[in-house]
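The following blocks contain the structures, represented as structure tokens.
Two complexes come next, and they have one chain in common, subunit A, joined by subunit B in the first and subunit C in the second.
Coming up: the complex of A and B.
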């Protein structure tokens, strides 16, 4: 059985343009059952567009989406919770009204669960949504989302506006849902959250997926070879063309090569040029993100070295 | 048991690796005893706020390395025989790798064998105060 057979959420070659702007280009990923999949990207990278196209809230120009193993259909939404990036609450309705709304719409609604969640987030169910802070509005939307014990969750920036304690609660809820067999897809700016909760990650940049895989595997397979030379870094022919080398940063006497796969081989090649020092460093997700996403971000980081 | 485990998600070391190594360390040191039950995957995932699949993977690796046994429906337990020895062997390998890395670094910045040896002796003296080596050097 391959990954696609196991996938609960499957997105294939999804593309979407808004006029001349390519919001999503050939986006493809599979999310296995019980996984937490983190979608990372800078602002405008295409995260929200991807979610909207997946859920039929925007029409994709091309591509295919399978949710729960089937194309989008009304039944899909009985066990799927979506929390959009911006509040979709009704200002004049109280928290309790919203939950009543949820109860009527979803057979899977669990009143006891909803009460626990209100308490967890410290929400007053009698307050109108319009009177809640941004963070409280997010918490109410999450309370609705988790109260139906969803089998699939799509959360767009679920912790934006929440304080650190409530952010941790959101991660706990996602982990709890996944441990119970639910499949979670979420986007975040906060790499630390993705690093903690997600087992799979994709990095979107300018509408394209530039990196994807298992978080632990990416960390294990992406290394930095850092070397210093005296008086300056030699040409090192062919290093940039090496398919395993994602990127090379040269900075005066120092060179850093971001390597996928066998870093020893790259280290050996650099070592032949007699550096004054050479070492192989592990990469965390932030390093991988910066290496993948960008010229601007990386040249700024390069100057700091 | 969770109190003895902590993970650093920001580290470049995969989280499952951190869990495997810490459980082995606890077993080698006797903090976790043979027959002792480990938390369930779900429990440990919640306690550490890490992905359940990551914990499950760590447990699979610990089973493969014969440090724990998992009985379906009953939970995971530290194995009875020879487990501490096997766990210690792994930690010895980890130590060897760390020393290898340090020496490679030392060589790359141009230290010669005697300089490295002196540094190493100094460190040994700090942690093994009554070692025969330290006595011998004092007599020189």
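Coming up: the complex of A and C.
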């Protein structure tokens, strides 16, 4: 049995262009049952387009999507909840109206669960959606999404506009849903959130997946040797050419070398140049993200992360 | 899927009912005032007043055109940022659109009935002419025939706006004027080719099928005000409803969110 066979959500070679702009190019990933899959990317990387194409909200130019092992059909949404990046709520309807709308459309709707979630997010169900803040609208959309006890969740920037406490609630809800067997796909700008909740991750850049895998494996795949020099970083001949060194970043008095395999050997070589400090670090998701999208994206990511 | 649209339609009907009740109250106050001043002259049996039910239905159909125009933008309203919610329900887009349009159509029927019950009956009752009301051989068929006009207009509005994201209400509202002008031109005594062209256009213009009435000097009578030389083709109107509705759905289901 291969990964696709085991996957609850499977996307193969998905591509979508808007005129001359390539929004998604050959996007491929599989999400096993009960996993939380984080999709990371800068603005315009293609996350929302990927979601829309997956759910039939936009027509993909090519590619295949299997949800619950079958192509998308109306029945798929009995078990799949989608929370879009921007509110799709009806301004003139109250929270209660929206939940009633959900109840009548989904057989799996659980009124008790909806009440719990309203309480969790501190939402007044009698307020019209148009009168809610952006964060409260996100919370209402999440309440609707989780109240049908979905087996698949596709959440586009689910914690957008929420305060830190409610952001934490969203992560807990996703983790809780996955623990109950649901498969979660979500996108976020906030790498810390993805790192905390996701067990699988893919990084989209300019419509293409540049890195993907299990978060723990990705983090373990490289070490970072970080050294500080005074007054400036010396030449360190041959470091860039070292086959174990995937990338070297120099920033003022600091140098960071991303190392596959034995980092101690690289640290020893740098140490010869007498740095003021040197240490070997495990890389985190932010390092992986910055390394994957390159120096051009790193400044943008730094602002958003 | 119908719930959201039902709320929208009920809200509009409630507003319509309030307006009618206010009109009734104003009219009653006016009659009381006129009576007190001795200006009120109610018809006597010797006046031989005849009031056709069909004429009242024509007024109801006219009144129903207003909600029909508003409801005619319901699919376009979904396009304005709500498709992600509408299209992730466990129903096909065709079914969703049909559900929404069916609820709207029921709303138009309700608006038609509301006009009859809350506006015409009280007004006519207050001036004591209800007893002169005469019905044709088939009241139901006549009502359906008149109802078909706002329903076909509703379907045309849907067809015109289904692919729009915004400005749908403006497009539907503005369309009324050319539709009325074309309907009048369809029956106007124009020279040969022009007459044929506008006459042909009249067949696809739901408003060209609307039959009004006029009140002549001797009282109310059920004369056709806008005949347009068109037969009141029931089958044609039904076909227009179906064709325009199908056009709307075909456009709407092909959109992207």
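Definition applied: the second predicted complex is superposed on the first by the 243 of 305 C-alpha atoms of A that agree within 3 Å, B and C clash if a C-alpha of one lies under 4 Å from a C-alpha of the other, contacts with A are read in each partner's own complex, and residues count from 1 in each chain.
We adopt the following convention: contacts are C-beta pairs under 8 Å (C-beta built on N, C-alpha and C of every residue); 3 or more make two chains touch, one makes a residue touch a chain.
Only a predicted model underlies this, so the values are computations on that prediction, with no experimental measurement involved.
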item: Which superposed partner A:74 touches (first subunit B, second subunit C, both, neither); value: second
item: Which superposed partner A:89 touches (first subunit B, second subunit C, both, neither); value: second
item: Partner chain in contact with A:196 - subunit B first, subunit C second, else both or neither; value: first
item: Which of subunit B and subunit C A:52 touches, first, second, both or neither; value: second
item: Touching partner for A:13 - first (subunit B), second (subunit C), both, neither; value: neither
item: Touching partner for A:100 - first (subunit B), second (subunit C), both, neither; value: second
item: First, second, both or neither for A:274, with subunit B first and subunit C second; value: neither
item: Shared subunit A surface residues [contacts with subunit B and with subunit C]; value: none
item: Complex interface listing, subunit A residues touching subunit B; value: 34-36, 168, 171-172, 175-176, 178-180, 192, 195-199, 215-217, 219-220, 275-279, 281-284, 286-287
item: List of subunit B residues in touch with subunit A within their complex; value: 9-17, 41-42, 45-46, 49-54, 57, 105, 108-110
item: Residue numbers on subunit C that touch subunit A, as the complex places them; value: 1-4, 7-8, 11, 81-92, 95, 256-257
item: Contacting residues of subunit A [partner subunit C, same complex]; value: 52, 55-59, 74-78, 80-82, 84, 86-90, 92-93, 97, 100-101, 104-106
